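As written, the chains take the letters A, B, C, D and E, and residue 1 is the first residue of each chain.
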Amino acid sequence: MDLLNALVAFLNFVVVPATAYGAQLALGALGVTLIYGILRFSNFAHGDTMALGTTAAILMTWGLQAAGISFGPLPTALLALPFAIAVTALVVLGTDRVVYRFYRKRKVSPSILVIVSLGVMFVMNGVTRFIIGVQDQSFADGERFLVTARGFRDATGLAEGLAIRTTQVVTVVVAVIAVALLFWFLNRTRTGKSMRAYSDNEDLALLSGINPERVVAVTWIITAALATTAGVLYGLDKSFNPFTYFQLLLPIFASAIVGGLGNPLGAIVGGFVIAFSEVTVTYAWKKVLTYILPDSLAPTELVQLMSTDYKFAVSFAILILVLLFMPTGLFKGKSV
Amino acid sequence: EEVKIGIILGFTGPLESITPGMAAGAELAMKEVTDSGKFMDGSSVVPVRADSTCVDAAAATAAAERLVTSDGIKAIMGSDCSGVTGAILQNVARPNGIAMISPSATSPGLSTAEDDGLFFRTAPSDARQGVVMTDILMDKDIKTVAVTYTNNDYGKGLADSFQAAFEAAGGTVTISAAHEDNKADYSAEVGALAAAGGDVLVVAGYTDKGGKGIIQASLDSGAFDTFVLPDGMVGQQLVDDIGDGLTGSFGQYPGTDSEGAEIFQGMATAAGFEGTGAFAPESYDAAALIMLAMAAAGSTDSKDWAPKVMDLANAPGEPILPGELGKALDLIAQGVEIDYIGATAVELIGPGESAGNYREIEIKDGVIETVRFR
Amino acid sequence: MNGRNFMLFALVGLLFAVTGFLQSWNLSLSILQMALVSAIMALGVNIQWGYAGLFNVGVMGFAALGGLAVVLTASAPEPEAWRAGGPGILLALVLGAVTVTAAVQVYKRMAPGLARMVLLLGVLIGGFFLFRAVLDPNVAAVEAINPSVSGNLGGLGLPVVLAWPAGGLLAAAAAWVIGKTALGLRSDYLAIATLGIAEIVIAVMKNEDWLARGVKNVIGLPRPVPYEVNLQRDPGFLDWAQGWGFDPVTASSVLVKLSYCGLFLVVLLAIVWLSEMALRSPWGRMMRAIRDNEVAAEAMGKDVTRRHLQIFILGSAVIGIAGAMMTTLDGQLTPGTYQPLRFTFLIWVMVIVGGSGNNWGAVLGGFLIWWLWVMVEPLGLALIAGITSGMAEGSWLKSHLQDASAHMRLLTMGVILLLVLRFSPRGLIPEK
Amino acid sequence: MIVVDGLHKHFGGFHAVDGASLSIAERSITGLIGPNGAGKTTLFNVIAGRLKPTSGRVSMAGEDITGLTPHELFHKGLLRTFQIAHEFGSMSCLENLMTVPGAQLGETLWNAWFRRGAVAAEEARLRDKAQEVLKFLTIDHLADQKASQISGGQKKLLELGRTMMVDAKIVFLDEVGAGVNRTLLNTIGDAIIRLNEERGYTFCVIEHDMDFIGRLCNPVICMAEGKVLAEGTVEDVKNDERVIEAYLGTGLKNKVKAEVAHA
Amino acid sequence: MAEPFLIGDAMTGGYGGADILHGCTIAVEKGEIAVIVGPNGAGKSTAMKAVFGMLNLRAGQVRLAGVDITALSPQDRVAQGMAFVPQTANIFTSMTVEENLEMGAFLRRDDISGTMAQVYDLFPILKEKRRQPAGELSGGQRQQVAVGRALMTRPQVLMLDEPTAGVSPIVMDELFDRIIEVARTGISILMVEQNARQALEIADKGYVLVQGANRFTDTGKALMADPEVRRSFLGG
C-alpha cells in the first residue's frame, strides 16, 4: 500500500493536465460566451480568431527573439501578447465593420449570423494559413517546467513523478483573473451594464441613449483579447497548428454550453467539466490501484470504464446528461 | 508537347501539413525529367495539382474527375489517404482507364481492391512494417510495450499487424489505444498509456499531428522516455520540435542502404523544401516511375504504360537513383533494362506495392542516425 | 415558382452547362450527382429547421448512419463471423437496451430521493458491466475472423437500392432515441447536443470493427448501376457507342453518371413533392405556428413535443436516405471521412444560402454550394496564378502565395458565402 | 365548472399564489381583479397547465385536471388568452385564426398527402369562419397582414379572436381590455355576453377596468398577495374596504379636485 | 401662435410598405400634457415612434424647441432630453429592476439616487423587487418599471405609449397624479392612452387620430364634452 504514490500518479496524470486543459478551454469559451451573450449568435469563427491572434503573437515573438529580447523565465510570447491583441482587435473590428454590421442593421435572425460567422471562419482560416502556413509551430521559450517529473522524484524519493509546466500555471491564473474581471466589468461598470442592456433589448437600449456601435466595438475588443490570450497560452503549452485550432472550436463550444451560454462563470466551470470528463472517465485505474491494493489483489487488467477511443463520446454524453437535467446549462444561460 | 500528370493530395484537411512536401517531391521529379529534354521527344511534363481533402471522398472524386476529363491528365500521382484513394480508384481511375501511383496509401485493404492493373503504391503495406518493428524490439530485448496509433486505416492497420507479430514473438502489448489527430489535448490517452505501462511506447502516428502531441505529453509527465517511431513519425521536424527528450528513441522507415535517400535530401534542400518529410521521397519515386514507364512504353496512355511499372521498379537492370532520371531516359531509349531504386529503394511486389525494405534509425543528439538496414 | 426563382435555377443550371462545355460533361455530371445528394440532405435539414426551428447540427451522424445501412443491407454476409459471435452481440445489445429502459423506468416511477439514486446507479452500473461482459468476448471472436479483409459481421447481401430506405429507417430510429432525450432542449443547446451525438455515432463507427470494420473501411460496395469497365467490355454497348460516334470510355462513364443522376433525381423529386404538400397543408401551418410561438401553440391544443419528435424523425430520415445514397455513390464506407465541416456545416450553408423554410431554396442551395465547393478549388488556383503572374520569378512573395494557394479553397468559399448572404440576407429564395 | 382548492405556486421563496381556493360556476362570467402582482396571471397559468402548482388541486367539471398539459386542456374545452399577446408572428392574421381548431384533418401528414380533397373542403370552412371572426373584431382588413406587424391593440383582438374559433367550454381572458379602444371594448363585452348566453361558454375574466367588470361580471373575485381577498357581486366587492385599500383606491378625481381647491 | 416646444409636423411615413401616417401633426407645449387617443391601429404608436426618430418619415418634420431634429437618431434625441416608453417590449427582462432604472439614467452623470428614491416612492412594489429580474414581474409591475425607467432620465419631454395598460386602478391614479406633478415642473408630456377619459381629464390638449390623420384636436375638456368623440372613441 502506497497512498502517496497513488495520489501523485493521480495528480500527475489526471488533475494537473485536466486543470490546465480546462483552463485553456475556459478561456476560449469565455470569448464564445461573450459574443453569444451580447451579440446573440454562436461565433464559429472563434477558433480561427484564436489562430489568427496566435499567428500575430508568433510573428512578434520571432521578432523579439531575433532582437534578443526575452522575458526571463517566462515565455517571450507573453511580451508579444499586447501587440497581438491589438492586431486581432483591429482585425475583428474590421470584420465587424465589413461583415457583421450589415446584418445587425437589418436585424437578421441569429441563424443567419451563425452562417455568416461560418463564412468569416473560412476566410480567416485561409488568411491564417496564407500568413504562417499549415505546419506546426513551436514558439515556447523560457523555463518550460516549474516542477519536472524527474526533479520531483529526486526531491521526494517517490516512485511517481509530478510535472507542472509554467504555461499550465499561467493559464489557470489568467483564466481565473479573466473571469473575475469580466464579471466585475459586466455587472458593475456602466459600460458593462450597457452591454447587457443592449443584449437584452436592442431597441430599448437605443432609447436609453446607449450607443450600440460602442457596445459592439467593446464586445469585439474584449473578445479579441480573450481569443488571443487563449490561443497564445494554448500554443505555448501544446503547439500552434491552424487545423488544431479550428478543431478546438468543438470542445470550446461544448464548454460554453454546458456552463450556460452567455454566462462567464458558466464558461469557466464548463471548461473544467469537459476537460475533467475527458480525462477521468477513460482513465485506467490500474496504476493507482496497484499502489493502493495489497499485491495479491493488484489488477492485471487496465481497470478502465471505457477505452480512450470514446473520450469525446464520453464528454459529450456527460454534456447531454447535464443539459437534460439543466436545459440551459449549469449556470442558467440564455437561449435565443 | 505537354504531358500532364495529376498530383491529387490533401492540400487542405487533416494531412495538410505534410502534403506540400509530398507535392514538392513529385514536382521535383517532373522538373528533372522536363529539364532533361529527353522525355518523349522533348515533351515537357506539367504537374496539375488538385485537392483530395484527405477526408471527403466526393470532393476528391470530383477533383480527380476534373483533372482526368477536363485537364486531360495522363496519370495520377496520388492520392494520400487510403479512403479517398480507394474512391478515386473506383470512381475515376478505373472507369476512365487512368493509372495511379499512390505514395502513401498504406492500407492493406487496397492490396485486394479491384484495380484492373491500374493501381500501384510506392509505400509498403503496413503488414510488413509490423514484422520489422518486432525484430528491432526483440533485438533490443524489449518485451513489453504500450502502443498508440492514429485512428485511421494506416494507424490501425499498423498497430494490428505489429501487435500480431510482437505477440507471436513472445512480447506483450500492455495497451493499444487509438488517438485522433489534431485534437486539443492528449492527457487522457497519456494517462491510460502510463497506467498500462511498458518499457517503451510505440507511436504509430504522424510527426506533427497526434503522434507528436502524445510524445510531448508523455515526456512532460514522465510517463515514457523512449519511443518507437514507425515511418509516419520519422522526420527531422519532430526531432527539432521535441529536442533532447527524443534522444535514445528509435524506429524504422522504408529505405535501403542505397544512397538514394541522401541524394534526394540534398536535392530537396537545394529545391527549398524538407526532404525528410513524411512520404516526400515516396512521392518523388511515384512521379518518377510514372514518367519512366511512359517513356518505356513510348506512350502516355495508361493502358500502355501501366504494365511497365513493375518491370522498371524491380531488378534486374541498371540501378537508377534520384537525380538520374535523365540517365534513365537515355538508357530506356537505348533499350537497356533499368532497375529504379529512387529515394526509397523501390521494390514492387504482388499487386503493385512496395516490398518494404526498412532503415532502422536511432535519434542521437538531435539527429536521426541510421543504425542498419532490414 | 415565380420568375425570379426560375431565373436562379436557370443560372445554376447554366453553371453546370458551362462546366460541361468548357471542361467536361463527365465532370459536370459528377458534380451533379453529389449536388443531388446534397440537395436531399439540405431538404432534410430544412424540414427540421425551416419548418420547426429545430437546430440539428448532427447531420453528419445521420448521414453516417445511412452509410452504415448500406454496409448492413448490401454487403456480402460473413456467415463464419456470424456463427462466431453474432447472436452474442445481439444479446449484448438487447441487454444494453433493457438496462437503459429499466433505468428510465426507475427514474420515472420512483419518488426523488436517495433510494432512487442508489437504485438508478445500481441498475446502470450493473447493466453496464453485464453488457460489457457479454459484448467483449463476442466482439473479439468476430473481429478475429479474417481481420485484414473482413473481421465484421457483414451485411444481408440485398440489392443496394434497398439500403436507401434502410438508411432512412436507421436514421429515423436513431432520431427517435435522440428526440426522446434531447428535444426538450432549446436552439443552441439542442445544437450542441446533436453535434455531440453525431460525434458519438462516428466514434462508434470508427471503433466498433465488428460492425463495419471501423477505420479499416469497407470498400467495394455493390452498385445499382453497371460498372464502366463492364460496359466497356460489352459488345452491345460498344456497338451502340460506335453507332453514335461516341468514345466508349467517355460514353460509358457518362452513361453511368446519368443513371445515378436519374435515380437520385427521382428520390429528390419525390421528397420535394411530399414536403411541399406537407408544408402547404394545415400540417405545415401548425408547424409554423409551433416555430413562431410554442407557448401559444401549446395553448391552442398543439402537442408541441410530439410534433417536434415527428419532424425530427422525418428530417433525419431524409438525411439518412441521402447518406445511404452517398455511400452507394462512393462505393465505400470510410468512417474517417465524416467531418462536421463537410457533412454538417456545409449542408447548413446550403440551407441558409438557399433560403431556409423554402424547399426550393434548399434544393437550389444544395446545387449551388456543392458546385462551388468543388469548383472554388480550381478557381482559387486560377486566381492566385493571376495575381502572381505579374510578380518576378522566384520572388519570396510569389512562392509563398503559390505554396498557400490550396487554401484559397476555403477563403474563396468564405468570400462567396459572404457575398451571397450580403446581397440576399434571407437566402436566395426566401420563405414567403 | 372549475374548482381550485388550496393552490400554491412558489417561485423560489416567493409565494405568488398562496393557498387560493375559489370556484367558477358553470355558465357564469366570473371577474378576477386584484392589485398588480396579486397572482392572477400565475393562477391562470397554473389552471391552464402552463405552470405546475407547488401544491393544491384544480378540477374541471368534477375531474381532476391538475398537472395536465395545455394542449390536453385545450381539447377538454379550456381556452385562454395571454396578457402579453402571443401571436404567431410570421403568419397572417387569417392563418393565426385558422390554426386554432384542434384535430384538423389536414394536421395529419397522411391526409395532407393523400386526402387533399377532404382537407381542402375543411380549409374552406375554416377560412370562412376566420373571416367572420376578423370582421367581428373590426380587423378584417388585416386578414393578410403578418401578425407581427399589427398594432398592440390589434394583437389583443387577435388573441381574443382565437377563442371564438372553436366551441369552448370555458375561456380564461387575461386583460383583453388593456390597450383596446374603449368603444371596441364595449362591443367585445357584448360579444362575451352573447357567447355566454347563446352558446353557454363559461368565462373567467381578469381586468383592471372596473366599468367593464361591472357591466359583465357576476360574481367578482378579488385576489391580493396570492390569496382570495373578497368575493361577491360587483357592488359588494367595490364597497369592500380591503378591496378599496389594496386595489381601487379613492379615485383620481377627488385628489385632483382637492388639489385644485387648495390652490 | 408661437412654436410649441415639441412638434411632429405634418408627418407622413410608415414601416416600409404603405404609409401609416398621413400628414399627422402632434405637438406639446412646455410643461403641458398632450394626450393622443384613437381606435386600435389608428397609428398612435407609429406617430410616437416617428416623433422619436424610430421611423423614416417621407414628409414632415420634427422640431424640438424650434430646432429641426428630423435627422437625429433616437439615442441623440435622448441626449437632447427626450424620453420614451414604448407600448411593448419596454423593459430589460434579464436585468434586475434596479438595473433597469439605472439604464434609464444611462446618460446622466450626476447622482441618481434621489430620482431613484422618488421612483420607488411612486411605485413601492418596485423597491421590494429591486433585485429581481424584471422579466419575472407581473404585467402591471413591468409597466411600472417601464415608466420608472423613463422618469429616471429626467427628461424635458416625456413620451408615454399607454403607460396605464394593465395597471391597477390605485396605481393608475397615482401615476396620473405623478404625471401632473411632473408636468408642473416644466416637463412636457406626450402620451397615448386608451383609458381616455381619465387621461383627457388631465390633458391640456387632446388629439384624436384616425387612420393616420388628425380627426379632432382640442383641449382635453372640450373633447370629453364632444358627444361624437365620446361615442366613437371613448366608449360612450
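Methods note: contacts are C-beta pairs under 8 Å (C-beta built on N, C-alpha and C of every residue); 3 or more make two chains touch, one makes a residue touch a chain.
Here is each chain with its UniProt name: A, C = Branched-chain amino acid ABC transporter permease; D, E = ABC transporter ATP-binding protein.
Computed from a predicted structure; not experimentally measured.
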Exercise. Can you list every chain in contact with both chain C and chain D?
Worked result: none
Exercise. What is the graph distance from chain B to chain E, where chains are linked when they touch?
Worked result: 2
Problem set entry | Result of counting contacting C-beta pairs for A-E and A-C, higher pair | A-C
Exercise. Taking each chain's centre as its mean C-alpha position, how far apart are chain C and chain E in Å?
Worked result: 54
Seminar exercise, completed: chain A to chain E, mean C-alpha position gap in Å, rounds to 47
Exercise. Between chain D and chain E, what is the separation of their C-alpha centroids in Å?
Worked result: 27
Seminar exercise, completed: chain B and chain C have mean C-alpha positions lying a whole-number Å distance apart equal to 31
Problem set entry | Touching two or more other chains - residue numbers and ranges from chain C | 206-207, 403, 407, 409-410
Seminar exercise, completed: Touching at least 2 other chains, the residues of chain A are 129, 134, 307, 309, 312
Exercise. Taking each residue of chain D in turn, which ones touch at least two of the other chains?
Worked result: none
Seminar exercise, completed: In contact, pair by pair, are chains A-B, A-C, A-E, B-C, C-D, D-E
Problem set entry | Contact set on chain C toward chain D in their complex | 274, 277-278, 281-286, 288-289, 291-293, 295-304, 310, 431
Problem set entry | Residues of chain A touching chain C in the complex | 36, 42, 44, 99, 102-103, 106, 108, 111-112, 114-116, 118-127, 129-130, 133-134, 246, 250, 253-254, 257, 261, 307, 309-310, 312-313, 316-317, 319-320, 323-324, 327-329, 333, 335-336
Problem set entry | Complex contacts: residues of chain A adjacent to chain B | 9, 12-14, 16-18, 21, 24-25, 129, 134-136, 138, 145, 148-150, 153, 161, 163, 165, 234, 238-239, 241, 243-244, 247-248, 251, 275, 278-279, 282-288, 302, 304, 307-309, 311-312
For this session: Report the residues of chain C in contact with chain B in the complex, numbered from low to high.
Result: 22-27, 30-31, 34, 37, 147-149, 206-207, 214-217, 219-220, 227-229, 232, 249-250, 252-253, 256, 326, 329-332, 334, 336-339, 342, 373-374, 377-378, 381, 399, 403, 406-407, 409-410
Problem set entry | chain A residues touching chain E - in the complex, by the definition given at the top | 190, 193-194, 196-197, 199-201, 203-212, 334
